[in-house]
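Each of the next two complexes has chain A plus one other chain: chain B in the first, chain C in the second.
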Partner chain A sequence: MAGVEWVAPSTEDEALRYFSSDPPSAVVPIAGGTDLLLDLEAGRVGPRRLVSLSRLPWRELEWAPNALRIGSTRPLADIQADPRVRQAVPGLIEAILAVGGPALRHRATLGGNLARAAPASDVIPLLLAVGASVELVGADGHRTVPVDQFVRASRETALRPGELIRRIVLPVPRPSAYRWHRVRPVNDISHVAVGGSFDPGTSEWTVAIGGVPPRPQVERDRTLGARPSDAAIETFARAVAERVPLRGDLRASEGYRRRVVAILVARTIRAVAMADQIGSDRGSAA
Partner chain B sequence: MSYSVRPDALEKLTGQVLYGVDVERPGMWWGALVPSPAAAGRLVAIDASAVADEEAVVVTAADLPRLLPNGSGDPERPIFPSTAVRYRGEPVAAVAAPTLERARAAAARVRVRLDAEAPVEDLDRLFPDWPSPETMRDHPLVNGHVLARFGPVDRAFRTADELFQETYRTSGVHQVPLEPHACVADATGSVWHVTTSTQTPFGCREDTASLLGIPESSLVVEGSWVGGAFGSKGSALLEPYALVLSRASGRPVRLALSYAEEFQLGRTTLPSVLRLETALRNGRVVGRRARLLLDTGASLPGGDFTLGYAAGFLLGPYGAPALEIEGYAIRTHKPPFGPHRAPFIPQVAFAIESHLTHLAAHLGEDPIRLRRATVWTEGQTTTLGQRVGPFGLDRCLERAAEVVRAWRVDLPAGHGVGTGAGFWSTGAGAGGEARVVLTPTAVEVEQSEREIGSGSVLRGVAAVVERVLGLPPSHVVVRYQDTASGPFDSGVFGSRTVAALGQAAEKASRRLLTVLQERAGLRSTPRLAVADGRIVLEAPGTSAPVETLFTDSERRAGRLVVDGRHYGRAEGGIDPSRAVVGEFHPFTDFTAAAHVAEVEVDRELGAVRVVRYHAIHDVGTLIDRRTATAQVEGGVAMGLGEALTEEMLWRDDGRLENPGLLDYRLMTITDVPPIEVEFVEGFRGAGPFGAKGLGEIPIVPVPATIAAAIHDALGRPLFELPMTPERIARALAERTVDRPPVGRGAPA
Partner chain C sequence: MTSGARVSLVVNGRRREVADVPFGERLLDTLRWRLSLKGTKEGCRAGNCGACTVLVDGRPMLSCLLLTHEANGASVTTIEGVEALSVGRAVVRAFEAEGGLQCGYCTPGFVMALVGHLASPGADRSPAAVRAALEGNLCRCTGYASIVRAAQRAAKEVA
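Our next item is the complex of A and B:
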C-alpha cells in the first residue's frame, strides 16, 4: 500500500476529473473504506491514487413526496439515528444495525455498500426489498438505476468507468423488516439475511435473500395480501427456501442455510405484517 | 469512592508502551519467514535464485553450521526442516532485508520444491471406529500413551446393568493475543540479545539457547511489553529465526508475525475426541472410564508429561469406586500443540461435566446434588491417588445451587439455566526470586516477569508486598529486569505469578521488616507507612524515616536491598499403583470454580444468547479484589468464545481456512453478558496468605456451564465444541443422535 496518493476533493466536478484523467484501475474512490481497506492490505487492488469522497457535500438526508433521498457518503450511524427514517422505512434501520459494530457504522456508507457489492452486504437485500434506486453521476451527467439492476453479481455493479454513486432513493413510507442469521450476533457476516417489504399500493410483497450467489435473490408475491395467515406465510417461505440458489461454505452448510432462509423469510413477513418493526442489534433472536 | 487503578493503565491507554513490534534498534533490518507450501512431504530444494533484492539475506538449514558457533543447533528440534516438512506454513527458510516490504517480497520469491504427501489432519478420518489397543500399539502416528487405573474397573463394567456412554468432540482454539509474536534480535556481538514479547524471559532464553545450541550465558532475553499471551508466548517461537537472521545479515533484525501468520503458526489447543463411560448398577455409579484421542499436531511438547497432566482431569474432581483413564496423543500435520490458558482443560471439563449433567437427567437427579455426592474434599484422593489439599468446590457448588434456585424463579420460556464446575492445579511449584528495594520514598520490587495483561505482576505481586509492609499502592512499584540483571523467575504460566513469585516477594518483604526490626532494636515486627512523602518505620512508640536505619553504604546508594526466593513443590505425589502406562504428574494446588449461566435459545435457528452469568471461585485468600474480579470476567469472556464460536478450521490439505478474526470469532463486548463474580475464601492455597492462582481456572468451567444451560433450555444434549447455531439446530432436528461407533456422541 506504500506510495498511494490520497486526495480529498471537495466538489463533484473536481472528484469526477480524477476519474476521467486516469485509467480505471489506477484510481479508486474511497468512502468509509471499511471493505476496501481489506483489499488494499491484501494487495487485491493496487491503485496509484485513492480519491476520498468524504469531503464532498454528499451526505444529505432529504424528504421528497413519497421518497427519501440519502447522500451516498452519509455514515450509516447518521441514518440509524434519525427517528423519521425508522418510522418511514423501519427495515433500513434494522439492516443498518446488522452492519458490523458501532465503530464501523460511523465510517461505513450506503454508497460504499452498493459500490463494493459485497455478497454479504446487509443493506443491499433491504434496498432490493423496498425497491430503492441509485442515482449515479459521471462525466456524461446523471442517471438513475434501480438497485435490482445496479447490483449484478458479487462484486459486480452497473457502474461505468468514472461513474460515482451520488445518492440512494427509497420509496416511502414502506413497511419493511430485516432479519439475519450469523454465528456471532455483532461484528460478524450474515450467513443468510432477508429484507422484506409490503407495498400497500400494489399489495405486493417483496423479499430479498442475502448470502446467496451470485447476488441477493428477489422474490415477489401478490397472493399473500396485507394480513397473511401463518399457513400462507410458511408455504411461501418454504417455497422460497427451496428455489434460492445456496451454497455451503466454512460458515454454514447448504442444508442449514436453506432451513434458515425458510425461517427468516417467515419471520420477516410476520414482522412487516404485524408492524412489529423495532430494530435491534440482536435481529436473529427477535 | 477510591480504588486502585492498574499502574500500567495510563501508559497503555496513551500508547506509550513499547510492545514487541514497536521496539527498534539502530540499523535494524526486517525478517520474514518462508512457509512450507504443503503440510507433508519431503523437501527437494529451496531455491533463492529468484530473489531479485541484492541486499536480502536468505537463511536455510544448510546455512546454520556457518552461522551457529556449535553447528546446527538442537538435532532433535531443528528450526528449519532439512528433509521432511511437518505442517503447512512450517518455516523452511527465513529472509532479512532493510524493510518489511522488501523482506516479504524476497520471501515470496524463494521457491520451495518438495515431494508433497497426503497429510493427516482429521482424527475422525484417521480412526472411523474407536481404535482398539492392538491398533494403537504400533501405530506410527501415536505420539504418547497414558493409562491409569484404580479399583475393580473391569468387574464394575462387566457386572453393570447399564452403561452410560457418550463421545465428545472439541475443536482447535487459538489464544488470539491482540499483539502477534514479535521480537528484535541482535547477534552481531559475542553476547546475543533479543527483546521479545514473552511471558517467560528465562524460559525463552533456555529454549532459544537450546534450539541454537549455544550456552544460556551468551544470550540475554529482555521482555518487551506484552499485548496478551494466554500461554502462547512461553517458549521460543521467533527468537531463534531472528537471531540467525541477525547473524547472517550482521544487523539487528526485527521479526514479527502478521495476524494470518499468528494463526497459521499458532501452537495451541488442538482437536480431541473424548469418550466417557459410566457403569451403573441399580442406578448407582460403580465405575467410570475416560478415553482420549488428542490431536497433537507435529509434536506434543513435553510428550507424555502433557498428556499425563491432562489425563488427571479427564474424570473431573469426582470420585468413583473404580475408574480408568487412557489417553493417546496422535501426531497430525498441524503446528505443534501448545499451551493455551488451562491447556485443553476447558475442553475436558466440557466433556466430563456434560456427561454428569446428562447422567443426572437420565437418573432423574438434580445435577448439582449428583456432583456434590462425589466431589473431592480435603483429605480424599484424586483420580491418580494424590491426597487432595484444601478444596472449596463443594462450597462453590452449594452456592451455585442457591443461584440456580433464585434464577429459576420467573425464568422466561425458551431460557435455560445450567451449572458447570472445574478445577485446576497451579504452577506454584515452579521457582522464582524477587528483590525488594527500600528507598527513602518508595519500595521497588525488582523481578523478571512481564505483565501480560492480567494484572498479576503489577497489581498482584505489588498487593502482596503492600499487605506485608503496610504500604499503600502509590508507594510500591514493580520493576522489570532482563535475564542478565534480574533475579531468576520461571515466568508467567500455570497461574503461578501471585502464588509463586508472590511468595518470593512476600518472603523478601518479611525479611525487610526483620532487618529493620533488628536495626531499630524493636521487640515486635514493625510496619511501614508514608509520612510527608517519605517511608517511615512504625512500631508502638516509634516512627522514624527508614533511611535513618540505612548503613552508610546503603545511604550512599539510596537503597536497602533484600531478596526472597520461592522454590516450591507439589504436596505429596500420585499413587504409583494407579499409573499403569506413561508419565503422570501431581498437582501443586487445588483451585476450583462453579459457574452458572442463563441462556436464551432460538429453537428454530439454534442461536444462543447468554443472558447472565455467575462465577463462584475458591481463591484461598483474596489478594486484590478488583484484579481478581477482572481476571474472572476475562476468563469467562474467553471461555464463552470456546463454548459458542471459536474454532480453527483445517482443510484436508492442512490449510487453515480461517486465519483471521473475521471467521475465527472471538466474543465481543456486546456478546458478553453481565458477569457476577463471587469468591469463596478459607480453603487456603500454597500462595502468600493462603492465596491460590487465578489465571486459568476462570476459563475452565465455561463451555460446560453454557452446555448445561442449553441442555436445560432444549432438553437436548450437545456433544461438540463450539456449540454453534448450526450444531444446535442439528441436535434439535435429529431424532436419534446415534452415529456409531465413534458417533456424534450418542449414548450407546
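Our next item is the complex of A and C:
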C-alpha cells in the first residue's frame, strides 16, 4: 500500500491507456473499493498504480425495450432506490439489500462485484439467474460476455489483461427473487443464497445457488411452468439440493447446507411465482 | 512517480487543503490524524461495523473503505459538524432523550448513518425504513433497543 500511485482518468481512452503501458499486476482498477481495499491493506495485492473509475461517465441506468443497462460504477444504493428497477427485476433489489449496510452500498458497485468475483457476492447469483451479461472494453474494442461465462471461479473472471467492465445488461422484465441464509440477518455473509428468475418468453426457470465452489451453480427447468404446484417445486428444489457440489466449512456443514439449499430454492421459486408479493419481504424472512 | 498529493475537501462547511496525502490513505485516517477530527471512530476497519460512517456529499459512507483522494473535492460531514444541520440536531437530541448510547464508541457512526438517511431527499421515515438505515452499524453495549427508539423519535421530529 505504501507508495502506491492513484490516478482518476475522466475518459475511457485515457483509462485504457493506463492498462496498456504497464504489466497487468502493476495496475489495478478501483471502483467502490469496498472489497479491493481489504486486499490492499492486507498486502494480498500490491499494484504500483490504482486507476480510479470514479470520474468516468460510467454510471448510467438506461432502459432499452427489453434490457436494462447499468453502468459498471453506479453505486448499489442508487440502483436499490430506483422504483423502475424494483418493478422490472425485483430480485436485483433483494440481492443488493443483502450486501453490507447502507453506507457500504453507497460505495459498492455491480462492476466491482463482478470484477472481484468474491465467493460470497450476493449480486452474482442473481445476475446469473436473470441471464445478465457484461459489456467489456479493452484496447481491442468492446465485447459482450454472459455472466455465466464471465465468472469462472472464486476471484477468477474472463477479464483479459487491460479489460474493464463497462456496463451490465439485464433482460427485462424478469420476475425474480433472492433468498439467503446466514447467522445474522445483516452485515454477514450468506452460508447459502439462491437467486431465481422466470423467463416469461421461454417459460424457463433459472436458479443460481451461491456459496458453492468453485462459483454459483446454475440450474434450469422448463417443466415447472408459470404457476408451479407446491409438489413440483419441492421435487425440483430437492433435486437441485442433491446435485449441487456443496462443501462444509467453518460456517456450516455440507449436510446442513444441502437442507438449506432445498428450502431456499423452494422459497425463491414461490416468491417469483407469487409475483404480486415480490419485494414485500426481505431475504430469509420469506 | 509521486506517492501523494494535495487533497481539497469541504469538511463540516470549512474548506480544508491537505498537502501530501498518500494515495493509499483512507478518509478515516485523514480525518482523525491530519485534521484531528477524532469523533469519527475506527472500529473494524473492514466495512463491518459502521463506526467510521461520515457523510460524503450527503451520502453515508464508510470512511475506512474510502481513499481520501476518491473524496477529493467532496463535502464531508463528520460528527463534529452534525449539529450545524437541523436533522443532525434532531438526531442528537433524540439520542440524548432516549439514552441511545452507553460507552458511546459506536454513536458517531449511528448518528451519521441516521442523519444521512433522514436528510436524503424523499427519505422514507417509516419505522421499518428508519430501522433499516441502521443495519450497517454495530453496538456492543445497548442491545439496540434504545438506539432504535432514538432513531424513531428523531424520524418523527424531522417529519
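Please note the rule applied: the second predicted complex is superposed on the first by the 279 of 286 C-alpha atoms of A that agree within 3 Å, B and C clash if a C-alpha of one lies under 4 Å from a C-alpha of the other, contacts with A are read in each partner's own complex, and residues count from 1 in each chain.
As a working rule, a residue touches a chain if its C-beta (ideal position, glycine included) is under 8 Å from a C-beta of that chain, and two chains touch if they have at least 3 such contacts.
It should be emphasised that the depicted structure is a prediction, and the values quoted were computed from it without experimental measurement.
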Query raised in the report: When the two structures are laid over each other on chain A, do chain B and chain C clash or fit?
Result: clash
Query raised in the report: Now for A:3: first (chain B), second (chain C), both, or neither, which partner does it touch?
Result: second
**Report entry** Partner chain in contact with A:106 - chain B first, chain C second, else both or neither
**Finding:** second
Requested in this report: For A:260, select first, second, both or neither according to whether it touches chain B, chain C, the two together, or no partner.
Outcome: first
Requested in this report: Using the touch definition from the top, say if A:251 reaches chain B (first), chain C (second), both or neither.
Outcome: first
Requested in this report: Between chain B and chain C, pick out the one touching the greater number of residues of chain A.
Outcome: C
Requested in this report: Return first, second, both or neither, reflecting whether A:40 touches chain B, chain C, both chains, or no partner chain.
Outcome: second
Query - Contacts of A:186 with chain B and chain C, given as first, second, both or neither - result: both
Query - Partner chain(s) touched by A:17 [first = chain B, second = chain C, both, neither] - result: neither
Requested in this report: For chain B, sort through 667-675, 685-693, 703-711 or 721-729 and name the stretch that clashes with chain C after the overlay.
Outcome: 667-675
Report summary line: Note: overlapping chain A surface for chain B and chain C spans 2, 101, 186-187
Query - Touching residues on chain C, where the partner in the complex is chain A - result: 1-3, 22-24, 26, 45-50, 53, 56, 59-62, 65-67, 69-70, 113, 116-117, 132-133, 135-138
Requested in this report: Would you pull the chain B residues touching chain A in the complex into a rising list?
Outcome: 101, 600, 602, 604-605, 607, 609, 644-645, 649, 657-658, 662-663, 665, 667-668, 670-671, 724-726, 729-730
Requested in this report: Could you pull out which chain A residues touch chain C in their complex?
Outcome: 1-6, 8, 30, 32-34, 37-38, 40-41, 48, 50, 52, 54, 77, 100-104, 106-107, 186-187
Report summary line: Listed in rising order, chain A residues that touch chain B in their complex are 2, 101, 181, 183-189, 250-253, 256, 259-260, 263, 281-282, 284-285
